[in-house]
């Protein structure tokens, strides 16, 4: 019988755990994670919860802001990059638990942008004043198509350039000086011709994977899959047709090694391909994956301009209760001066062009890539980036097109079959 | 009892087979240590490093610098221990009822329980988050512990195990001696199912220890991070230092191994205790 | 106390026995419901709402962050009539299940049977060995397996080409992708199931084996006439669990990659992508419900098959 009572006790404990906590739910249930428990002393004291992912390089600046503004406490909560976006989706969907400030990465932005009702409009807090600090295309990406709603303050950007192997280019009889390379490979047709020369004379491929060629060329124009009214124009779009044709055309000089695969590093180190299209943040990946190739690289502009890969916005979810304080903080955090400091410490490429002329950017040196002016080339690239109109479905279609090119690369479909399948799948996805 | 000795060859084959299986099973774990004790660049070479390097200390120091390793371990220990203790008790109790007690609707309730195992869990995230939020359990370890206190899996396992390991005669005998149902469960059934409990215990502990999908949605604050969430924040978005990540992962595995060794004795305890049945 | 034979009190004893039987029934009922109640209470709190919620939104077009729009059975109708990817994912799931689960359970049973041999030395060590895949972090598993299944720099292809054979493009074909994913699944779960079988074997009395040995039964006969029939409840457990687990397989294809033809796309992965990449929660909910029914039917079939095992 004692045991029976023990059992009842355990059950009681179970209930107790559930019951006692539903009482406490009243005090922090709907403050959305900013739970300051009333703030006993100073009424102006504000705690801001900020969701980021690791590696954004903002820690020092966040600490500095709190020193300058003792009444603001910033509670940074980090989650892994994809976890972070799932979490953000969950709390917005559930209607509670969102932070005051949330990072949103470029690749996830379009889906969230579809729902302005979930975010504060930064124009309500004075964002018009800082608009001109930022790259024009970047600010447009951060805004609704009509510019009346601003979702977030841009952090860094990822303007694309092209890294190339000096030794392979030399062996193939191509120029090795970056200006000459940019001149010689000024169009994609030139690039493919040079790639065939590389393949013929050295046996190396020109680049890693046709899907990356498609992405790079696709980003070089304003209208991709949709027109500005959101109508599907993929089959009429000359940009897309050209990107597709160039990818298929260059299939003999790609290595069939997508960047996400583990083999990318090994192939890179072995010199299996001679060029890499890359934004500044990817420089580190090359160094880490292929340390033995130090000094064998240089960087030129990509054919026909640039493109952007990466970068984020700092947004203010509607659930947050201190949008003005939060806005004051993020607009300070991403000011040109602070972006310059962040660039000096972490190399995050600034989204504010006014500091591109700063010697710290211009003369950013890196022996691995044989350059003492790395910043100069990416600054130039950043200003060559076109604004690209993207819809919430752009990411979905990117995946479909990438899959289609993969089937061609793997010999699972002819280019015509792959294109037809992709168009069918695109139409189906969009019509749902 | 020397009947197996007659064929020496198969015995050697048996050892070879088991050794190969064990080596195949252990290799990735070993490699985790190899990477964790080298540098990431050494690992990205081809062919990659296959012997441990001397960098483990440096990688571990980086881990300690970036995350609150021991705080997160402590949270994980609290959660996993609480869940395991609770699962062992409640699941064996329910398993006992489902296999040894007769009551109306028993089979229907059991089938219902089985059906709940078949619900795909992915979509539960948002509605479950709403519940936890309404209970006020965000950033509270209870959000992870309470929903896991009894599992259909555990009940099912204990019921199946009880039905092979606890014969009816044993139950009848206890009743004739005037035992209540709870006493029968506690004094008769539980000792007979120790290997089953050990199995459930280790799998529950390990599953809870390694889980991150649900914890990372409800435990956002650094102070309540479990070790798995903390380890995930070692992945930077643009570049991952695998050596550091795997050094941390390796260290985070050691507690599970200790728990396994604790339960390990219990796996075979049943053989010697088999006497209960006579 | 009750075994004192008193013939004169026989009728009294009978009545007592009757009373005991009767009250036993009542107390069985009481403690039965009480003992199982924790599960049902927790399910009531944390299980029912998500289930109903999912059912409810499966009749809506709902992009998680926006408003819900009632669409009736449209999501289900689209799944049945106009979604080749869904059916492809079902085919992939069954194919991977078949390739991984059946060999996995057989291998686990054999390993457990061997590990249970009385003469075997170093049992604890072997047991720890086969348990290791469950302990190893998925990050490490992903790295190791991508190193093995690489096309140009993979270990397996390296060995294959040593024998002068053509390297396999693991990520670029149905065969390669399904085999690679199945190998990962088997690697992770054989030890797990072996430990479960091993626990089950502990409940079989050694007397049975001794008697069989005296009767001249060899090891094979012992396996088929004692071990397997006695393990039936445990086998049913593993069959059901690996059916459910296999139908919900998620981590391995995610780690390996699904390939351009979506040849590695499983149902739960598709569901997850619909919900969390494309934000189509209503549609994902409909997939979840269909998957739920598929799992129920397929589990029923498998359990019925497993029950055909001769009872002890």
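Each chain carries a letter (A, B and C) given by its place in the written order, and its residues are counted from 1.
Simple rule for what comes next: contacts are C-beta pairs under 8 Å (C-beta built on N, C-alpha and C of every residue); 3 or more make two chains touch, one makes a residue touch a chain.
For each chain, UniProt lists the protein as follows: A = Cellobiose transport system substrate-binding protein; B, C = Cellobiose transport system permease protein.
Owing to the predicted nature of the structure, the values given are computational and were not obtained by experimental measurement.
Contacts with subunit A and subunit C are shared by B.
For the criterion of most C-beta pairs in contact, the winning chain pair is B-C. Inter-chain centre distance (subunit A to subunit C, centres taken as mean C-alpha positions): 38 Å. Rounded to a whole number, the gap between the C-alpha centres of subunit B and subunit C is 15 angstrom.
Separation between the centroids of subunit A and subunit B, computed from CA atoms only, is 37 Å. Among the residues of subunit A, those touching two or more other chains are numbered 7, 14, 18, 86, 93, 266.
Among the residues of subunit C, those touching two or more other chains are numbered 38, 42, 45, 64, 143, 147, 153, 281. Residues of subunit B in contact with two or more other chains: 46, 90, 93, 126-127, 130, 146, 149, 180, 182. By the touch criterion given at the top, residues 2, 20, 24-25, 27-29, 31-33, 35-36, 38-40, 42-43, 45-47, 49-51, 53-54, 64, 111, 114-115, 117-120, 123-137, 139-141, 143-145, 147, 153, 187, 190-192, 195-196, 198-200, 202-206, 213, 219, 230-234, 236-237, 240-241, 244, 248, 250, 268, 271-272, 275, 281, 284-285, 288, 291-292, 295-296, 299 of subunit C touch subunit B in their complex.
Note for the complex: subunit B touches subunit A at residues 40-41, 44-46, 66, 89-90, 93, 125-127, 129-130, 133-140, 142, 145-146, 149, 180, 182-183, 186, 216-217, 220-222, 229, 232-239.
For subunit B in complex with subunit C, the residues that touch the partner chain are 1, 3-4, 11, 14, 17-18, 21-29, 31-32, 35, 46, 48, 90-91, 93-94, 96-98, 101-104, 106, 109, 113-124, 126-128, 130-131, 146-147, 149-150, 152-153, 155-157, 160-161, 163-165, 175-176, 180-182, 185, 192-193, 195-196, 198-199, 202-203, 206, 210, 231, 242, 245-246, 249, 252-253, 256-257, 260-261, 264, 267-268, 270-271, 274, 277.
Only residues 34, 37-38, 41-42, 45, 63-66, 78, 82-83, 85, 143, 146-147, 150-154, 169, 171-173, 257, 259-262, 276-281, 283 of subunit C touch subunit A when the two sit together in their complex. Those residues of subunit A whose C-beta lies close enough to touch subunit B in the complex are 1, 3-4, 7, 10, 14, 17-18, 21-22, 24-29, 33, 51, 53-56, 75, 77-81, 83, 86-87, 90-91, 93-97, 105, 265-266, 269-270, 281-282, 284-285, 288-292, 310.
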